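Heads up, the next two complexes both have chain A, just with different partners, chain B and then chain C.
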Partner chain A sequence: MLAQYALRRILLAIPTVWLAATLVFIIVRLLPGDPALLMVGDAQDAQALELARRDMGLDQSLPTQYVLWLSSMASFELGESIAMGLPVRELIWARFLVTAQLAIPSILLALLIAVPLGLFAAAQHNKAVDRAAMLSSVVLLSVPSFWVALLLIMLFGVKLNWLPTVGYVSPAVNLTLAIQFALMPVLALSLTVIGQLTRMTRSTALDVLATDYVLFARAKGLSETTTLLRHVLPNAVAPTLTVAGMIFGSLLGGAAVIETIFTIPGIGRLLVDSIYARDYPVIQGAVLFVGFLYILVNMLVDLVYPLLDPRIRLQ
Partner chain B sequence: MRPAICNRKSVKSCASNSVGTALALACVVAVVSGCSAKGLDDSSFHRDTLRVALSSDIRTTEPGVLRDANTDDVLMHIVEPLFAYRENLEVAPLLVSSWRVSEDGKTYTMSLRDGVQFHNGTTATAQIVVWNIERYLDPGTRWICRSLFDGSRGLEIEQVVALGERAFQIELNQADGTFLHKLANLQCNMGIVHPDSVSAAGDWRVPIGTGPFQFVEWQRGQYVDLRRFDHYQPVLSPRDGLAGDRTAGFQYLRWVVVPEPAAARAGLLSGQLDVIYRLQVSDLFDLRSSTEVVVDEGTSIDWDVLLMQAETGRLRDRALRLAIAHAVDADQLAAIITDGISSGNHALTPPQSGYFRACMAQGYIFSEEIARRWLAQSSYNGEALKLTTNRRFSNMYENAIIIQHMLGRVGIRTELEVVEWGTQLDYYARGQYELMSFGYTGRTHPVLNYDAILGDKSKNPMYQWDDPASVGLLEEIARTDNVAVVDDLLCELHARMIDAVPMLNLFNQHTIDAYRSHVVGYSATAFNKPRFWGVRLDRSAAPARET
Partner chain C sequence: MTRSFGGIVGASLCGLWLFAATWSLIHTPYDPVAMALDARLEPPSERHWMGTDQYGRDLFSRVLDASAVSLLVSFVSVFAAMLLGAPMGAFAAYRGGKFDKLVLIGTEAVMAFPALLLVLLLLSVTGPSNIAVIIALSLASVPTVIRVSRAAVLSLKEQQFVEAAWVAGASRSFTLMRLLLPNCISPLSVLATSLFAAIILIESALSFLGLGVPPPQATWGALLADSRQYLAVAPWLSLYPGAVITLAVVGINLFGDALRDALDPRLASMAKELS
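Entry: the complex of A and B
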């Protein structure tokens, strides 16, 4: 049942991804800007420019370029970067793994803080703790992540000199250093997410707290903690997970701003750099990959629903 | 040096490590307690490594191909061209020790510096130089400057022959006074490499040059590592611009990719980076207050301009162009944009050039009265002119804002069109603009500067000044080696340009570099390029941090 559902969702995703890819192909080519010119610069060399265009395959007609790209997409090759001369597939995968190293801890950290906080705030509805939690959530939601990132850099990097400010170290090389380098970006990404998830958890928990079965649980003498953990949390967490899934998808798709500020070679930065360089194959490949990832993450969230709430059945 | 990670060969290990990072976050408190700077600086790698910020990743390790300024910056520490520029923009021999030119100016006989070795231990020979030049001229190499030497723009290298172990001869189709400048051209980056840099199939492998640093590793999107070449054979003259002694004074050079300027500044202030360069004036506010950071400023040969589409549209009207030229106060503009480092310059020749003469100081007098007078004579009807600019290069954007205000004061309305840099470059290449705030990479010889703007606009819309008589003058200058004649011709060319107003040269850009106080011997250059030979690290008082 579960496998059939997953397969159907994946098959349904194919036309969506194709449509997204086609749109990206068209939009990218509608953008003014010539990748060959960006490469040659102000060298005033028409011959070099022509040669660069030919090398990049830009001298071919748009339909030919589209067909070539579709065929490379179908074979999962995704072409070759015109700015870096590397296979797009390998480029995207390597950068995605770096982004995942930020996105996974960020969403986990956010869930670890936001879910208990939202639940606790709901239990303390309209009390000081609730108001403080909501105020912090609104503040966190309102502050842009790049500003948080710069503040963190100034505080922990420059003033206190505790953490490195630029660069990236893989856990494969040095785990301690990797964590030091990842701390600030992960924190900057998590803080905004914490605000969103806390509000969502609190809101749904408040609805659940008002239900008859929670009243019954309390009436039969269960402690408040047990009531919250056994009866409120499982019923309130599903919408939070949906939102968390969407956020996780977008984080995996690349937190371009954070990656740029902290000099992390993730997929978001790859995409931004490729747009600047008009590196068509990379833009197309990255958007396609991110779109697919988004669909995949949300599908996984859907698959988790029945495990948390047996009332939900996969249709 | 640290091993490569997350590269194409080790993606699987990275995948498993993403989970590792997630789990390890649980140990955050314990790790943070060990995060002090003192815990990171205990290896010789850190202590004898200079870390410099690159604003974007390099594009390739192959000189002169797929290039950009950052790529050139890194590669010029690995490879050496035959000639290089002095600080006064004159050409000096680098890989060459001596040369002579035939009577007719068409044959150059050169001899290589004695004892020069490649990074693989092989001695540099004339045969290898010949192989390099032939390879650069091969269309398959896709060298960006091939057209400067293939006859398509006049000059052609007809033949290169080795005359012995160290001597070789280059034969040209015509005499060209700028030939050595073209060989030394920064954008061309005609570095001499060992044939093993290329595979048997002709594909590029790694740069094996003769420079003061040898290539170690390139982690895409992260850093490029170089190591001092211990068998480097220097020129005996002292360091001068990009010429002279290039001996490295420290062991490792790491170029760290830091795209965000604020992060680069923070990296410098925190000690994680040693040098950041090509800064804007607005970057200085944080840095000047630090006692551990030194700021070095100077005038570069790059130049800012206001382009005017004189071929079509409303700006075909010379009176309107003159009104604009007189309405813009280039001195004030330069003072604002460069923090007083530069002053206005309406000439294409930079003031620090040996070719700059008094005649070139003649330009457009800033006078709102004169501007209004020309405006009254023009066909301008009060409609806004479109002024195109971008936010990627803050100098171009700020120039546009100030120019808009200056033009407004004399009654010329402008509408800013702010586009992405790639889009602006496209407009520039197609000639699709009215006014455009733009900047050119500086060339060292006036002929090369004029070459970038003077030509047939119908064939190449990137040209700004379409005047066959001036093209003839330029060709005459290129053929002449008589200094007095060249001076006169350059003055005449400048006067013609001022009269025609095809564009408005504003000022030469500033160069601002900043470095930690333990970096000894570093200084900014007129070429707006960092130079790490002749530099040493004195960390006796300052610990280093990991990057």
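Entry: the complex of A and C
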């Protein structure tokens, strides 16, 4: 049953991947703007234009282009970067590893703070603690993360001089230094997420607190802490994890602004830089990669879901 | 009590913002683009409430000027997304069958990408301009609108007053436009507020990256981007614009929460039951 569900969920991801790829194709090819012209950069140079068109298969009919494009994407032949002259595939992978070093600690930190806070707020529903937690999570999810980043730099980098302001060091080179450099970006990324997840945990915990089995747990004399930890938490955590999965997926691709501020060579920064440079192979490769990653993370969350919450019907 | 308190604070913040943005079209204390080289990087004072930037421009006037643009761009984007998405989602749910499946699959493909990424991709093709930013922001939000209005109509479709209208011989368009859509107003307006908050943040991120509304127009994000070089000598350049964005988004979010509590009887009754 579980295996069947897993298989069906994996098969379900295939059309989504295909559609996402098609969407990128449509945006890149059908909107005004000639990719060959962008690549050559000189409208006068007819010969180079012609060559670039043939190179990119732009002289073929659209359906042929589409099929060619899909097959090259399916075999991960993402082409070469115009600006950097490197294979797009290798570029993306190297940059992705850097982004993952930010995204993973950020989501873990956020979960570590948000889940207990949301649970506690729900338990103290409508009391001072709950209100304070709700107000601060509204503020947290409203603050632009790049402003938080600037404030952190001002405080810890400029004023107190505790941390290096911007830059990146690989943990393989020097772990202590790498952590020092990563502290501020991770904090800036996780604050918004803490706001979102606290609200999510609180509202699902409130739903659970209203159920009969919690009433029963209390009636049979369980302490409030045991009720919360043994009955409310396991039932409230699954939806929170689903949202956390989605947020994690977008952190892996959407940290462009934070990576720009802290000059971290991650995938978001790669995307922004290649947009400045009009480096089309990299743009489309990076966008596709992040889209697939997003689909993959969501799929994994769905696969884990029945393990967390055996009640959901596997259909 | 406190729920409505949050709503009042939110509504006041939104009102203040709306007023400041409108007022800035008529009057700002200083010309937001006038340079005054003898008044560079002045800290906040009575003359310059938020200080001046590296060209001696009055930051308060620039923040006001930027408010109008951010409000307009975000509002138009949300409005366009709602206008496009709400009827489409409602129609998909109403029609059902193949059309519904097609719409659902389409939204799924778009939602496979984080919103900022999709907007960046669209802008990389069109190049930055006010219209391109608006189109990109609204296209990236349309799938969410479609999903919400579709879900709302699906649940309404089965209700008795719709069946009654059918029996009474109401036409399809009457049922859809006069019965179903108006009853989706509450979920859609709650969605609009949360979209609005999200779009303001994305818009300012875009301008921060230099890919949003093009210069010389001041935007909240661009003001923050410019402030980066002066973090040590002129911290007010980052403090004020960031605080203004935060207050605006907090206002919209608080207002949206209050709206949701007021419009969603299930949540409201649950809250009453628990307290």
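One rule holds for everything that comes next: the second predicted complex is superposed on the first by the 248 of 315 C-alpha atoms of A that agree within 3 Å, B and C clash if a C-alpha of one lies under 4 Å from a C-alpha of the other, contacts with A are read in each partner's own complex, and residues count from 1 in each chain.
The rule is short, and it goes like this: a contact is a pair of C-beta atoms (placed from the backbone, for glycine too) under 8 Å apart; a residue touches a chain by one contact, two chains touch by 3 or more.
Quick caveat: nothing in here was measured; it's all calculated off a predicted structure.
Looking at the shared chain after the overlay, A:Asn235 reaches neither chain B nor chain C. In the superposed model, A:Ile153 makes contact with both chain B and chain C. With both structures placed on the common chain, the touch criterion links A:Ser72 to neither chain B nor chain C. Of the two partner chains placed by superposition, chain B and chain C are both touched by A:Thr260. Once the two complexes are laid over each other on the shared chain, residue contacts for A:Thr22 go to chain C alone; chain B is not touched. For chain A, the partner that touches more of its residues is B, with chain B and chain C as the two candidates.
Residue contacts after overlaying the shared chain place A:Arg278 against chain B and chain C alike. Contact with neither chain B nor chain C is seen for A:Thr201 once the two complexes are overlaid on the shared chain.
Applying the stated contact rule after C-alpha superposition, one finds that A:Val173 touches chain B and leaves chain C untouched. The interface of chain A with chain B overlaps its interface with chain C at residues 31-33, 150, 153-154, 157-158, 260-261, 276, 278. If you check the complex, the residues on chain A that touch chain B are 31-34, 37-49, 51-52, 55, 83-86, 90, 93-95, 97-98, 100-101, 104-105, 108-109, 150, 153-154, 157-158, 161-173, 175-180, 182-183, 186, 260-263, 265, 269-270, 273, 276-278. Those residues of chain B whose C-beta lies close enough to touch chain A in the complex are 2-3, 5-8, 10-11, 13-15, 17-22, 24-25, 27-28, 31-32, 34-37, 40, 53, 56-57, 59-60, 66-68, 139, 142, 144-147, 152, 187, 219-223, 256-260, 262-264, 266-267, 269-273, 392, 419-423, 425-427, 429, 440-441, 451-452, 455, 459-460, 462-463, 545-547. Of all the residues in chain A, the ones that touch chain C in their complex are 15-17, 19-20, 22-24, 27-28, 31-33, 125-126, 131, 135, 138-139, 141-144, 146-147, 150-151, 153-154, 157-158, 206-207, 209-210, 249-250, 253-254, 256-257, 260-261, 271-272, 275-276, 278, 283, 287, 290-291, 294-295. Across the complex, chain A is touched by residues 2, 6, 105-106, 108-110, 112-117, 120-126, 197, 201, 204-205, 208-211, 221, 224, 227-228, 231-232, 235, 238-239, 241-242, 245-246, 249-250, 252-254, 257, 270-271, 273-275 of chain C.
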